[in-house]
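Heads up, there are several structures right after this.
Shared between the two complexes below is chain A, which has chain B as its partner in the first and chain C in the second.
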Partner chain A sequence: MRVKKFFAAMLVSAVALTLLAGCGGSGAKSGGADAKTVKVGVFLPLTGDNAAGGELELRGIKLANKLYPEINGKKIELVVADNKSDKAEAANVAARLIEKDKVKVILGSYGSSLAMAAGNIVKEAKVPAIGTSCTNPQVTLNNDYYFRACFIDPFQGTVMANYAFKKGAKKVAIVQEVSNDYAVGLAKFFKDAFEKLGGQVIEVANYQTGDKDFTAILTNIKAKNPDIIFAPGNFTESALLIKQARQLGIKAQFMGGDTWETQEFIDVGGKDVEGIAFSSAFDRERATTAEAKKFMEAYKKEYKGEPSAFNALGYDAYMIAYDAMKRGGTDDSTKIRDAIAATKGLELVTGKTEFDKNGDPLKGAVIKTVKDGKFKYIDFVDVKH
Partner chain B sequence: MTMKKRNLLLSIIAVIVLFGVANFVQLEMDAYIRRIVNLCMIYAIIGLSMNITNGFVGQFALGQAGFMAVGAYVVGIFTVPVAMRPGVFYATPMNPAIINIYMPLGVALIVGGLLAALIAFVIGTPVLRLRGDYLAIATLGFSEIIRIVITNASSITNGALGIKNIPPLNDVRIIFLATLITFILITLLINSSYGRAFKAIREDEIAAEAMGIDLFYHKNLAFMISAFFAGIGGGLYGALLGTVDPKNFLFTLTYNFLLIIVLGGMGSITGSMLGAVIVTAGLEYLRVFDEPLELFGMAIPLFRPGFRMVMFSVLLMFCVLFWRKGIMGTEEFTWDKFVNFCKHPLAYFTKKGAHAE
Partner chain C sequence: MEFFQAFANMTAASFAQHMANGISLGSLYAMIAIGYTMVYGILLMINFAHGDIVMMACYFAFFGITVFHIPWFMTFIGTIIATALLGVVIERAAYRPLRDAPKNSVLISAIGASFLLENLANYLFSGRPMRFPDIPLLSQNIAVGGGVQIQAICFVIPVITIISLVVLLHIVNHTKTGMAMRAVSKDYEIARVMGINIDNVISITFAIGSAMAAIGAIMWGIRYPGITPMLGVMPGLKCFVAAVVGGIGNIKGAVLGGFILGLGEILIVAFFPQLSGYRDAFAFIVLILILYYKPTGLLGETTTEKV
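Then we have the complex of A and B:
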């Protein structure tokens, strides 16, 4: 009994300590929040399944904040919140940023489902949010307060279909990661666009996230002999898929989406992924705007490495908010929202940015390949303005 | 005034007070607090539902995420306004048989619960013949099967793309009523002859059978009731978020509720409620550990995103080490104990062998 009481007392003191820490944290925060700062919420998955992507985008946002720390004489304070790659947490944290931290604008998230969970909250609170790499069209649909820095699945799918057709492909097979919203969306719009161009989709095969063996799918596809195989999906599964296809003697070119742009994709795929093609938001060689040069130089200095598309999108999301606050002021979220919607000809890292009526940017895509173990730029597809 | 009458009166007063609190939260508090309170209550419903099979019948079943998915998807599919559906189902058009069926939230919740119970019946018939770890694995597997079926039935569920534009439910009072009804129904069930049969099965299956309890019938019944409430909870969860997708309902979601009932006490209704509040609100409260902290002008490097999970785990370890049966064990909060405590607050601590609550 005595032991139990002792530990109960310990537990109570632990809780008390936590309380103290809580007071300390919030005290410091309220001390810093005055008329001289404007708060920008950063809403990203920093733990959980999507942590890698969230971390990359956070780097981009932090870099932008370092280069552009002030607006209209006010300091911009980033309030970073982790949504744990979980929808319920994402909704909580979005509400917390708005109600507790009183942010004027929210940046994020990586992962469309997380952004969708926050959708209703930003809409009700009338605080604009700028998605970094949530490409599902539903994120901004029927939501005047959600924008995004990246292009959307329909555009990316269409771009790849046009590219495939231009390369002379007539018969295409699609292998999609059916449990991934991104892959399903891309495959659907690729199919629509490709058939409209007069091409033929001869096979649509599905696999699940985490699958390791694709022999059954591939044997079936090999018999039908397509010119190109469009296989949007997670990078690990895609790399394995391509490797196994080459082992089976399938010669057709593989095409995919921007998830492939990670070092792991090349590491897993090795020689077999050479010559593939995928669309991306950003390329170092193609990045011609002044902002892009500034971004790349600063990135190399800050993080000692080469920036990726996710870094660039994080940076751009911040810049869209920055530009809008310059025009719409920093006090009223609704005015910031209107200013974001009115963005015109803003030169960013990933190209010129303007929004359509849904809040999706009209932005071009680059097409890249893998050559000698490195990502290489091959083409640029602009959007019709 | 008899004890029974007094307790009933106290209960009614408590409900009225709590409803008043819910009303206050709804009208006066900000959206963040409202959301946390709502989530606490929804998790309490699902925790309660899981406690029926795991705590009272003593069957280690881990299928809650699957049943939640069923409830959430019924709400998702049928409460989205018909006009918005083509926008939501943009990849695969919605099945023409259901495209014009609209249900208000209340109806969809009940339908979702009933469908979950039906699925539990189908699954339970073969699976409940298993015991212990095997049952846990089988139910876990079935919950994943439900999720994978949802992922692939894209003309009904929109597959991996998920469903958006579910009319949001963020009214504390409604969710409070749902929680209250669940609480009352489950309390009545546990105190009925069925409840006593459940507990008998938990204590000793062979003895229970020898006493004439139909094991299979009672296990299946408990499994179905548990699935029914999990379906209702899942539906509320979907409506609270306004969007559902299959990745919400990974089997890891089940562990969340397992944590709630283990912490609160396996086989305690009030314990599950308490556990739900502690886990949900506690995790939010610990968010201060995720924020950068400066002490005397020095930034402490430990305070970064993810640190709160470390703290949470440490606190949990303490709880599990020193309250091995959870905070409430198999005890319940009763008015008798409460009144006794109020009358002799010190006796509670000094008396030897007193239960720690």
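Then we have the complex of A and C:
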């Protein structure tokens, strides 16, 4: 009981403090809607478990701000807020950005649960937010004010279906890790898109996370002789699956999602995973757009290193907001939101972007393979809008 | 009717391939199940750490070949010896002090030993999967004809399993040590009174059971080359089920149980592809059915509990 009371007291004082801070903040800034600046909130985990990812995205955002510092004659001011990789903190920070700092648009976060914690806050305050690398479909679902720069996990299924079809595949088999939402999502989107394109899915086989023996499902698939096998799933299981397929004499190409992009996949799979194909958001070996070239050069100059996908997504989130403010010709939050929703054919680092009704981007993805024990860029797939 | 469509479409080549897959998986289960059944026969306890002993054996072989570059056959012999020692050490540290304690305490101690090994492996070797060394002689493919391809190891696994079984049965039935083992398993109080050093007999049992696990682990590693600290969990459970199905305490029963489980898992997917996500459930459904209709297992003897 005592402990409970103690926590209750703590909670009450915490709420009171937050409220006070909120009041104080808005009081100080009242009437301070500076005519010369537009405030953009940066909502990222800069400490805690996700700090590494948050830091990369912050670099991307800062770089974009350096290249595009002004809009409609006003200076863009970044208000960087650390959500500490913590859901409760994320909600507080998002509220503070809106209430105290009066930001017009929010960029972030890395991490879906952090973004979801801010979901209702941005929705009620009608301030648009652009997620950087929060890939869970729930982030933007039923929330008109949340958009994102990254594609959602299952979307990769659509991308790979387009790629498989482009490669001339007519009959595919799907092997999915049925206990993994990510894999099931990819498989479903792949099937829908591939059948819509006119292809045929001849078999859908399931396995469980942790399985080691896939010979039974593979022997069944071998008898049906598919052109391509789409097998999204965890990298260890996938590597064993592909190894066993080659042992059984299956020659069909394997395709999967971005979970394969780990060294362990190559370590376990060895020469058997050579020639597979999977989708990924960004590849620095090939800049696909003019914006990407600009980004790559500026990044190398600024940070003396090679940019990663997270840098690119941070940059792109900023550019989506920038483009919307430019087209809208305003810094009114609601109008920025409408302008973001109307984004069309916007050339970004990670490809041409526009949004579906949920606020998820429809854009192309890079396709990579394994060659001589290394990941290699092979193609770029643009999805028909 | 669609449910049975796979029956009609099954070609001879596919069926042969499924059988080869099933026999090699079943042999692997059998090798590991032997260790469970031997320990149970002697101590009337389930050695929950057995699956993790399999995992450790995989890492021993990995370190021998990949890290220390010892020739593979020497590594394998070393692995078998090291794993046998590990089994003896676990028995001495975790089970022997509890020899006269209630059965439940030993069971809990076994679960503790299992967690210890898993977490130790996680700490020492990290959770990232490593690749079991490739031994081309054993991992190469042999085309049998009719489009059927069988890995060399799939021929080796059943042969080694049968040889191990014959050797083991000889030890148990025709040697002095074996006689002592049987005596301890019948009634260890009386065996102790008759002058049998039961601690030694139990150590030997653990050594043999763990050596079998090591042989199983090496073949497992060659067949399924991704090794992680949690590798032993699922095979451990399945092989325990195999031992129970065959009649726990009975060595031939463990081998029979292993084959039933391995073949069953493969063939259920072969004939009912719709059930491919449920194949793990197969092992446990078999267990429930056996426990319901024949609680002592297929080859188990009914014994009256002594008071």
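Methods note: the second predicted complex is superposed on the first by the 220 of 385 C-alpha atoms of A that agree within 3 Å, B and C clash if a C-alpha of one lies under 4 Å from a C-alpha of the other, contacts with A are read in each partner's own complex, and residues count from 1 in each chain.
One rule holds for everything that comes next: contacts are C-beta pairs under 8 Å (C-beta built on N, C-alpha and C of every residue); 3 or more make two chains touch, one makes a residue touch a chain.
Worth saying up front: this structure is predicted, and the values here are computed from it rather than measured.
S.K.: Among the partners chain B and chain C, which is in contact with a greater number of residues of chain A?
M.R.: Here the partner covering more residues of chain A is B.
S.K.: Regarding the shared-chain residue A:A88, is it in contact with chain B (first), chain C (second), both, or neither?
M.R.: first
S.K.: Please indicate which partner A:I152 is in contact with in the superposed arrangement: first for chain B, second for chain C, both, or neither.
M.R.: So A:I152 meets neither chain B nor chain C here.
S.K.: Contact-wise, after the overlay, does A:V178 reach chain B, chain C, both or neither (first, second, both, neither)?
M.R.: In the superposed model, A:V178 contacts both chain B and chain C.
S.K.: I'd like to know which partner A:L56 touches here: chain B for first, chain C for second, both or neither.
M.R.: neither
S.K.: After the superposition on A, what does A:V273 contact: first (chain B), second (chain C), both or neither?
M.R.: In the superposition, A:V273 contacts neither chain B nor chain C.
S.K.: Using the touch definition from the top, say if A:I98 reaches chain B (first), chain C (second), both or neither.
M.R.: First partner only, chain B.
S.K.: For A:N142, is the partner it touches chain B (first), chain C (second), both, or none of the two (neither)?
M.R.: So A:N142 only meets chain B here.
S.K.: Where does A:N206 make contact in the superposed view: on chain B (first), on chain C (second), on both, or on neither?
M.R.: Touch status of A:N206: both partners.
S.K.: Can you list the residues of chain A that touch chain B in one structure and chain C in the other?
M.R.: Dual-contact residues (chain A): 178, 206, 208.
S.K.: Applying the document's contact rule, which stretches of chain B touch chain A when the two form their complex?
M.R.: 30-33, 35-36, 39, 84, 87-88, 90-92, 148, 151-152, 154, 159-162, 164-165, 168, 237, 240-243, 245-248, 284-291, 293-295, 305-306, 309, 311, 315, 318-319, 321-322, 349, 352-353, 356
S.K.: Which part of chain C faces chain A closely enough to touch in the complex?
M.R.: 6, 9-11, 13-14, 17-18, 21-22, 25, 128-131, 134, 141, 143, 147, 149, 151, 220, 224-226, 228, 230, 233-235, 265-270, 273, 276-277, 279-280
S.K.: Any idea which chain A residues touch chain B in the complex?
M.R.: Residue positions touching the partner: 1, 4-5, 7-8, 10-11, 14-15, 18, 21-22, 24-26, 28-29, 46-47, 80-82, 87-88, 91-93, 95-96, 98-100, 113, 116-117, 119-121, 124-125, 136-138, 141-142, 178-181, 183-185, 188, 206, 208.
S.K.: Can you tell me which positions in chain A touch chain C when the two form their complex?
M.R.: Within the complex, chain A touches chain C at residues 178, 203, 205-208, 210-213, 215-217, 219-220, 222-223, 236, 239-240, 243, 247-249, 264, 267-268, 270.
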